[in-house]
Amino acid sequence: MFAAARSATASQTPAEHGDKVVALDCDATEPADVERVFAAAANVGPTEAAVFNAGTFVRGSILDTDPAEFERCWRVGTYAGFLVGQAAARRMVERGSGTILFTGATASLRGGAGFVNLAAPKFGLRAVAQSMARELGPKGIHVAHVVIDGQIHSQRYAQLAAERGPDALLEPDAIAAQYVALHRQHRSAWTQELDLRPWSEKF
Amino acid sequence: MFAAARSATASQTPAEHGDKVVALDCDATEPADVERVFAAAANVGPTEAAVFNAGTFVRGSILDTDPAEFERCWRVGTYAGFLVGQAAARRMVERGSGTILFTGATASLRGGAGFVNLAAPKFGLRAVAQSMARELGPKGIHVAHVVIDGQIHSQRYAQLAAERGPDALLEPDAIAAQYVALHRQHRSAWTQELDLRPWSEKF
Amino acid sequence: MFAAARSATASQTPAEHGDKVVALDCDATEPADVERVFAAAANVGPTEAAVFNAGTFVRGSILDTDPAEFERCWRVGTYAGFLVGQAAARRMVERGSGTILFTGATASLRGGAGFVNLAAPKFGLRAVAQSMARELGPKGIHVAHVVIDGQIHSQRYAQLAAERGPDALLEPDAIAAQYVALHRQHRSAWTQELDLRPWSEKF
Amino acid sequence: MFAAARSATASQTPAEHGDKVVALDCDATEPADVERVFAAAANVGPTEAAVFNAGTFVRGSILDTDPAEFERCWRVGTYAGFLVGQAAARRMVERGSGTILFTGATASLRGGAGFVNLAAPKFGLRAVAQSMARELGPKGIHVAHVVIDGQIHSQRYAQLAAERGPDALLEPDAIAAQYVALHRQHRSAWTQELDLRPWSEKF
């Protein structure tokens, strides 16, 4: 398993699950960097699944949004997803199988006030996922888009988790289990889009 | 496991899977019949999951659609879903847990020409699922709606399956596996809606 | 112009606009009643436009919803819309022109907690509108669905209007103007679905 | 009226409608260029309405899509829309009124195979429109997004128009009439999103 991030080698990686995890630094907005990661993975074995999670944004009024910031959020949220999806697809089409998963958010479906820098990239990423799914499904590649509707439980949200009560934030392991399940779906019944949210979340 | 259908006792039931299956005749458009099935199940143990699959329709022009037929399709497709969902929910709220699954179709999201007798009930069923999910989620009950986009593999579609090639129709076991997976989702990451379609299906 | 309602002859009708308005009592859930109104209108001239506005519901938990009430709301909200749409369409196809407008609500797109008796009928009505539009458009009949997202200004909401400030409730004349505009759209650019909401409404 | 385009001064402009039309060259992907056009317009009078129509794309497989081309399409389709919307909004908020219209396409709602370079920008533009509408509506600015579903009648499509028959392509005047109507909507009943398609178009 390869885990790529801007500073992946410095990050904790899920070695505990038994798989050997290779952590690689990667700026997913750079085609050459994305290519390097997929090439490294290809040296170990076929690329069976690729997951794109990257995203960034700062909330703010449309009136004050810096065009450079708007572009940067798109570069991380949509463009990098396109690069990763394309690199994965190019390898998977040769074998006629593989899974490509994109992580969306509530903002993939709704452009809220103050959320233009999140919604514009997330809408775009969903379009990438749909276009890829429709083209690549008949070539044996499963492309799915997962709308995460809620906060993900992490150290950063420890207090929020305590306030909201049990299981009110998405557990990373529960998300991961869903991603594995998508990868394992029988090809006669593939999911293109699903949502995940805590039982107690308003929506 | 209880399997209810208009003529369930005469139908083949999945006894092979090890569970004891009790087959019951039930007209799901009759509140008393629905209640009888849930009461029978309650005698055996708590109702952990309920699945609503019923549906019927005849394709035709809006100009020629018989109002009685329009009503009948709604009665099977929406009303029965409401009755089953309500009966299940009433038992599940007491325990604060349970799963209720509704089976939708492409017509749940799109009213096609000639499909008014399918789309009107399926749209309505999706509304029932959403309303139930938003009310019952915070009470511990997982309500999900599954859009089946394609033909399901059965004897009836044997020739179509042969024509279209491998796995081009949804395998019942693959659908069932997904329903079980929905029931087993961790409550921090529940799916409210997902689609299932064969890898080669146009959409 | 014909204005039909359960007690139309007792209601105020918009005679002030210059058109002669014929007010007719009609239970739109009764095929014969609907037919009678359209026949009466046909005696005067061709049916150029039909508008379906009916709807009813009582908010409540899914657990307590009376099946008879669930059915009644569907009968008014979906079934009557189907009957009116069909009666209008049958007359319009002969001439190859006409407009049929259906009034939806926020609940046409979202099944909220406690709103099952509104959402299920409104979802169904939207399916009717879509199926009709796709079948009848190529026959020269314009079918559109209007999502009204907000309260409509009326005596009943006088206090709410005062609280919320200027134009925070939908003005009936503004809605009517939009319906007329839909009727007058050039057939090279027809709208199938649009939303209407006050400028200050959250959504 | 100001008409800005990459080579606007060389293009035909609708002077016939009586308004004086000032044609300006503008690269809408350049903040300074956009600012210059709005500043020029502000010299003449308040900016009452702004329409964003720009878009470009080349159809192709996700496997062969050049990242630079993917970026260019976004720059024209989403980024320029953001720049134009922001420039318009900044002027309109001072007066508490104005209309900003964005032109979408079928690809705003659906990412088709081969259409990633159209869908990704159009999805993003729709997100911009929604975020702006939700923030700016309560400030008196009407933001709407129009999904054009079909070919627009022009010299370029003369043969297609002949083949398909009367009014089977969207007439520019019919689109323009709709945009004017959106600008004139009463603020108690604003449309955020609507579709426009020829009567005979499949959808």
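Things to note:
Order of writing sets the labels: A, B, C and D. Residues in every chain begin at 1.
By definition in this document, a residue touches a chain if its C-beta (ideal position, glycine included) is under 8 Å from a C-beta of that chain, and two chains touch if they have at least 3 such contacts.
Please read these numbers as outputs of a predicted model, since none were measured by experiment.
Contact with chain A and chain D alike is made by no chain in this entry. Farthest from chain B in terms of Cα centroid separation is D. Mean C-alpha positions place chain B and chain D at a centre distance of 42 Å.
Distance from the chain B centre to the chain C centre is 30 Å, each centre being the mean of its Cα atoms. Along chain C, residues 134 each make contact with two or more other chains.
Which chains touch which is summed up as A-B, A-D, B-C, C-D.
On the chain D side of its complex with chain C, the touching residues are 134, 137-138, 140, 142, 153, 167-171, 173-175, 177-178, 181, 185-203. Considering their complex, residues 31, 61-63, 65, 67, 70-71, 74, 78-79, 82-83, 85-86, 89-90, 93, 107, 110-116, 119-136 of chain B touch chain C.
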